[in-house]
Amino acid sequence: MAEKTGTSSGQPIAVLNVHIVHRLPSQSPLLFAAKKQKNLSFETIAQALGREEVAVAALFYGQAKASEEDVKNLAKILDLPEDKLMETEMTGWPDRGRQMEMPPKEPLVYRLFEIVQNYGYAYKAVMNEKFGDGIMSAITFSTKVEREDDEKGTWCKITLRGKWLPYSRF
Amino acid sequence: MAEKTGTSSGQPIAVLNVHIVHRLPSQSPLLFAAKKQKNLSFETIAQALGREEVAVAALFYGQAKASEEDVKNLAKILDLPEDKLMETEMTGWPDRGRQMEMPPKEPLVYRLFEIVQNYGYAYKAVMNEKFGDGIMSAITFSTKVEREDDEKGTWCKITLRGKWLPYSRF
Amino acid sequence: MAEKTGTSSGQPIAVLNVHIVHRLPSQSPLLFAAKKQKNLSFETIAQALGREEVAVAALFYGQAKASEEDVKNLAKILDLPEDKLMETEMTGWPDRGRQMEMPPKEPLVYRLFEIVQNYGYAYKAVMNEKFGDGIMSAITFSTKVEREDDEKGTWCKITLRGKWLPYSRF
Amino acid sequence: MAEKTGTSSGQPIAVLNVHIVHRLPSQSPLLFAAKKQKNLSFETIAQALGREEVAVAALFYGQAKASEEDVKNLAKILDLPEDKLMETEMTGWPDRGRQMEMPPKEPLVYRLFEIVQNYGYAYKAVMNEKFGDGIMSAITFSTKVEREDDEKGTWCKITLRGKWLPYSRF
Amino acid sequence: MAEKTGTSSGQPIAVLNVHIVHRLPSQSPLLFAAKKQKNLSFETIAQALGREEVAVAALFYGQAKASEEDVKNLAKILDLPEDKLMETEMTGWPDRGRQMEMPPKEPLVYRLFEIVQNYGYAYKAVMNEKFGDGIMSAITFSTKVEREDDEKGTWCKITLRGKWLPYSRF
Amino acid sequence: MAEKTGTSSGQPIAVLNVHIVHRLPSQSPLLFAAKKQKNLSFETIAQALGREEVAVAALFYGQAKASEEDVKNLAKILDLPEDKLMETEMTGWPDRGRQMEMPPKEPLVYRLFEIVQNYGYAYKAVMNEKFGDGIMSAITFSTKVEREDDEKGTWCKITLRGKWLPYSRF
Amino acid sequence: MAEKTGTSSGQPIAVLNVHIVHRLPSQSPLLFAAKKQKNLSFETIAQALGREEVAVAALFYGQAKASEEDVKNLAKILDLPEDKLMETEMTGWPDRGRQMEMPPKEPLVYRLFEIVQNYGYAYKAVMNEKFGDGIMSAITFSTKVEREDDEKGTWCKITLRGKWLPYSRF
Amino acid sequence: MAEKTGTSSGQPIAVLNVHIVHRLPSQSPLLFAAKKQKNLSFETIAQALGREEVAVAALFYGQAKASEEDVKNLAKILDLPEDKLMETEMTGWPDRGRQMEMPPKEPLVYRLFEIVQNYGYAYKAVMNEKFGDGIMSAITFSTKVEREDDEKGTWCKITLRGKWLPYSRF
Amino acid sequence: MAEKTGTSSGQPIAVLNVHIVHRLPSQSPLLFAAKKQKNLSFETIAQALGREEVAVAALFYGQAKASEEDVKNLAKILDLPEDKLMETEMTGWPDRGRQMEMPPKEPLVYRLFEIVQNYGYAYKAVMNEKFGDGIMSAITFSTKVEREDDEKGTWCKITLRGKWLPYSRF
Amino acid sequence: MAEKTGTSSGQPIAVLNVHIVHRLPSQSPLLFAAKKQKNLSFETIAQALGREEVAVAALFYGQAKASEEDVKNLAKILDLPEDKLMETEMTGWPDRGRQMEMPPKEPLVYRLFEIVQNYGYAYKAVMNEKFGDGIMSAITFSTKVEREDDEKGTWCKITLRGKWLPYSRF
């Protein structure tokens, strides 16, 4: 199958850092090695799977569950034997959050943490006034990253969209 | 001045919790008391200031800087003497982040923290492929909260939009 | 109104410990003082409010939101002026979790923490097999405490019941 | 022996995540490998052992002690030589709690942690009124997970049941 | 009532350190002030209450529950009005453990902590061999401090005695 | 040499948990393997060494220093070549405390920690009144575990006995 | 009484920083106020008490116990009524270590902490070879600070001297 | 070369604990193995190098830099090929402090930590009065351990001597 | 005295945030109040004192020691009675570092922390190659902040300059 | 190619400490091994790459991104096959900050941390007055280390230079 190689931005693709491998499930090195071998971006893989880029990257890091169809599509686009993939923990349940130390040391991730730290109460006040007593679900949830270019430069836009869950009265 | 009282959602307005006052600057109790007295939502105040709701809430919690015009507008809409506001730390520089303990205990804020914890590396991989080596600024940055209702229920959408800053080569 | 005073178990009622007051919202001392004054148990108050005991205790500690009707009922059963209650943060939104240091030092609460620490992965494995990839909501959620006496002694039974939320595919 | 394979819910069975193996006793990889090989759910194994699912999962994670009979039954249902099992730490005493970092990063487990954090004092107040000064034992204790389906969706019910231990007077 | 003043060892009595008052319940300053005023040791008070010294000291620090009879006896020996004592949190339930930061900074208490840190696994191994899988209860529990003098000097002997609780099989 | 095998209680003997091996000195796996091989309890080994059970267990975990005579006795009772034992770190000095994370996660050890947390100040007050300003030594120190059975059940008694060290005046 | 005022070095005397007062016992502000009022150095006070400067400073910070004679001498040299001093916690037992956060933020104290951090194992190895298995007591202990001037500049010499305590064999 | 073997105290020499090897540079296992093989004390090696014992022990733990001459002398006294030593990180720069967790768990090291915790402010006050505003350098610094025996027993004396560095005025 | 009011940049002057006052010495509120009253920048005050701006700001936050001449100059430029200033802790010794929680939550300060976190080892390697084994003193040290404007925008330049201190050989 | 070997200062070059390798990406051991083999300083390599020494050291520690040209130049000066370098994570994105524990234990790095801890608020106040509300970027940023020798000794000068980023108004 002839997938588009590299990224549409011209940037190199993301590969796995060896020093976090011990915090990842067994499919992660396998998936990343094939991704590197075939020089595929998450954008390209996401299109093949019909999913969002962030979801696919999360899947590579073991932070999301692959459906059977995802596994088939991954095997195809990455030229990996399906049964080899099935032998990994892909058939298990994600053990989320372990690969990240908090507070994050990585500057890119820290900026997101800082936004929560600085605007946490502001978000809460606005969301309480808009929705009442509850939370935005991080489970019934999707997220995406978009690029916007204008005369002031390049902008990164992250959208978080979750179901509003009101506290039960009991 | 006859502002619209209450929230457009019918929910009660947000007021100040007394047990975090000692972590806030001196204008916070003043602003929140007037907000409560006049029963104004952040939406209403934000319209009067021409700013986003989250920015205005951050301003009430001392997490953002008010311009002189903001102070004037706040004084007017909250029926507060402008010079009394000026005597507070509004004339100083925000000391951001102090009111929030991390990890956050508040479930609403924790969900945002969890999103960073779970998807941190996924965001990084996708953003590196899209933009190269750098970060999304949390300073040249804006954010907003929106409500979307569809047949599946009520959704909360948070948008984070920041300038992309590539690492300098030196 | 002639409420039943004391507890049905013959144990003294729960009152407020002064050294956590600074972590609680402004209605807490007010509510607890009236509860003590009238010698009412959470069981009695819960019946008057039509809510669970744990929910009512959470409400006294500022960990749950009172509806308008709850406020009315509380004012009545506690002989408190309704408007005085309304002046507190009862009209605001709960800032949950702040009164508890983790890990908990209190032995009773520590035992619950220990159950999560010891059986966390076991719960996860069983719940994943039973429900798939997701979580039990702590928001669309109720809980209760029951007493069971048998020949082996007295047993405490805690029930946690939450909506199952499957992870969204995105 | 012809055990029912897979789960009754149709969900995949739980397998072991490689990145927590170093926190588990030596029988864990062995047991999980056989479970995966034979595609058995904790429900099926629990029935064969006459124990609760959570207890059996805890046993797989080294968080509970297997009786000699349990070992025999496990060997049989998992097609493992009994003496090979006996050579592991199954003959030793569980070193509980080590596999879990607190606060838990896993969202499913975090929700249970959050319940303790939010309702800790409320549980204590209610339990003190109901039982007096003491704790609910986490040792003379059992727990189970049940599924309930109704028109509002699927619910997860966790029951914690422990002996009430009053503080000794000394 | 003419109680023996001072300690039998000739050492000054223990009084309250002002800088931990904010971590103690409201009866603590009251009880310690009367103790100081009347120059009574915990030994003397313990005899009057028919309890162990450690239990009585724990009671002064709000770490143990006083029975009604204890309150009466305390009021008598300390010359305090019984109803004044009853107005404090003595009528409430102890919120244990809050007055101690861990690891303890106080050298005397640190030594006890160090014993747990150094011999923790040794105790566990010995207790498992002696009693099976379980714990020594810290609730159905008593403790005392004794002094022994011999030719090698003065020795402090602490006895911890708790019910053995075997893990339930479930 | 024909030592009594197994424990006098009928409980299985304690063996080494593989996941703490990396926190232990090099003699620990050797000693525990021989202990398991010969099915010896700490009670039996302690009698052969003329030491307390807790001391011997501490020695197995590298938390106490073996004398030359201890090494000889250990070699004999465990059927280990003396020089092989001498090649381990038994000839070095114990690096105490490393194998235990604090706060302890193990419920049995946590209960001991909790006793220090709850009764720390009470112990201190009583000990100061009894002995003056100083500490109970954890070095010039011994400890033992005893079992007591009465009509109320089985009790575990731990004795801590240390030299009283008064603060030097300087 | 005409004490020598100021320090022999010509440096200003040490006074109390208001922001640690809440971590100190009640005699600390009293003693420091008189010290400031009379402009006395710890050197001068130490001579009057016949104690080391560090011991006297520790006494001012509530980290050491004053004997009755010390109290008398302090009252005299500081022109304080003896009974006023006795009303403070001077008559109680020091609650050591609470005024210091670890790791220390103060650069002077951090350097001492760093010495322990860097040379900890080196000290241990040397001390084990010199003395055997044990510790240097921090209780049967004295310390002093001396100044040495030579052609290379000014040197600070701290001496720590403690009794060697060998581990008991038990 | 015929060095004196063993220690002058008759105590066994210090050897390396295997469980901290992963925190040490590559020369540490090499040096300690040779030291054990030849049964040399730090005292003997220190004399051969013309350095203090603590400095030499620090050098073995990778906490100090060896000069070229030190390497030659070490090679000679330990019968190690000089070039083999040079291939280790001895030619690099020490990465100090990593082998020690703080607070230290080892009782011997903890006592030193406790001295800093208890007397930190006292040292500071005395040093400020003696030297002015500054610190005692931990870099332009030396330290030694001495043994003193008198009728009261054995004493350990540690001397810390550092250049006094006054804060620059800028 | 007619000082230039305001800042040369046209930005408002820095004033004190009320929520850190409890972490500052007693002169801080006094100095900041006068600074606000007279609308003086640190630049203006620094010129009057002949010191760097950062040093003067540190002095206001109690992080640096004022000389007698500094106090005189401060009194003059701030129109404060000299003896009133002298009554504060200005006559004492700075207790540095207490006002800052680490990691810093303030985004501006966090960026400096992040530079140390990211480039720490790189600085060390370069400095070791340039200077040998030692440190850059933070005591014999000065620092300044400069503004540079070019076609690419506005730049902030921070200079850190400290004496190089080689490790003593001992 | 004949590069200048060794450092211009006569100090040994920096090599890799084995105990942090597990925190570094896969190119780090490769690069450092070649650097050691060819005895090249960061100064020499930096000149070959046309970059700053700190940037190059950061590159060796995986804290900065190498451009394609950098990789070519590195391959040339270090005599490494270019494709071997490309197989490492050099083609991936740096995962910054993981190799450093905070607070840093290394004395050299701690001094930088201490500067942030002590002068954090002072920097902020001065920078706010000079630039307004914002931060100095650590991304659009460069840094260098310089050596200055004068009659008072050797000085280390670190320059941090970052773009000033004003907070967006939104």
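Per-chain residue numbering starts at 1, and chain names A, B, C, D, E, F, G, H, I and J are given in the order in which the chains are listed.
Criterion: contacts are C-beta pairs under 8 Å (C-beta built on N, C-alpha and C of every residue); 3 or more make two chains touch, one makes a residue touch a chain.
Composition by chain, UniProt nomenclature: A, B, C, D, E, F, G, H, I, J = Cyanate hydratase.
Just so it is clear, the structure is predicted and the values come from calculations on it, not from any experiment.
**Student:** Just to be sure I understand the contacts, which chains border both chain H and chain F?
**Tutor:** Of all the chains present, those in contact with both chain F and chain H are E, G.
**Student:** Report which interface contains more C-beta contacts, comparing C-D against A-D.
**Tutor:** Ranking C-D and A-D by C-beta contacts puts C-D first.
**Student:** Provide the C-alpha centroid distance between chain B and chain J, rounded to the nearest whole angstrom.
**Tutor:** Chain B and chain J have C-alpha centres separated by 36 Å.
**Student:** Whole-Å distance, chain E centre to chain G centre, using C-alpha means?
**Tutor:** Each chain reduced to its C-alpha mean, chain E and chain G end up 30 Å apart.
**Student:** Rounded to the nearest whole Å, what is the centre-to-centre distance of chain E and chain F, using the mean of the C-alpha atoms as each centre?
**Tutor:** Each chain reduced to its C-alpha mean, chain E and chain F end up 26 Å apart.
**Student:** Residues touching two or more other chains, restricted to chain D: which are they?
**Tutor:** Residues 12, 14, 20, 54-55, 93, 95-97, 100, 103-107, 114, 117-118, 124-125, 128, 134-135, 137-139, 141, 143.
**Student:** Quick one: which bits of chain F touch chain E in the complex? Just the residue numbers, please.
**Tutor:** Listed in rising order, the residues of chain F that touch chain E are 7, 9, 11-14, 20, 41-43, 53-55, 57-58, 60-61, 63, 96-97, 99-100, 102-104, 106-109, 111-132, 134-138, 141, 143, 145, 147-148, 152-164.
**Student:** Hey, which residues of chain B end up touching chain I in the complex?
**Tutor:** My answer: residues 22-26, 62, 89, 91-93, 95-98, 100, 138-139.
**Student:** Inside the complex, what are the residues of chain I that reach chain H?
**Tutor:** Within the complex, chain I contacts chain H at residues 51-52, 55, 64-65, 67, 93-95, 124-125, 128, 133-135, 137, 139-144, 165-170.
**Student:** Using the touch definition up top, name the residues of chain I that touch chain B in the complex.
**Tutor:** Going by the criterion above, the answer is residues 12, 14-20, 36, 101, 105-107.
**Student:** Under the definition above, what is the set of chain H residues touching chain E in their complex?
**Tutor:** 103, 105, 107, 110, 114, 117-118
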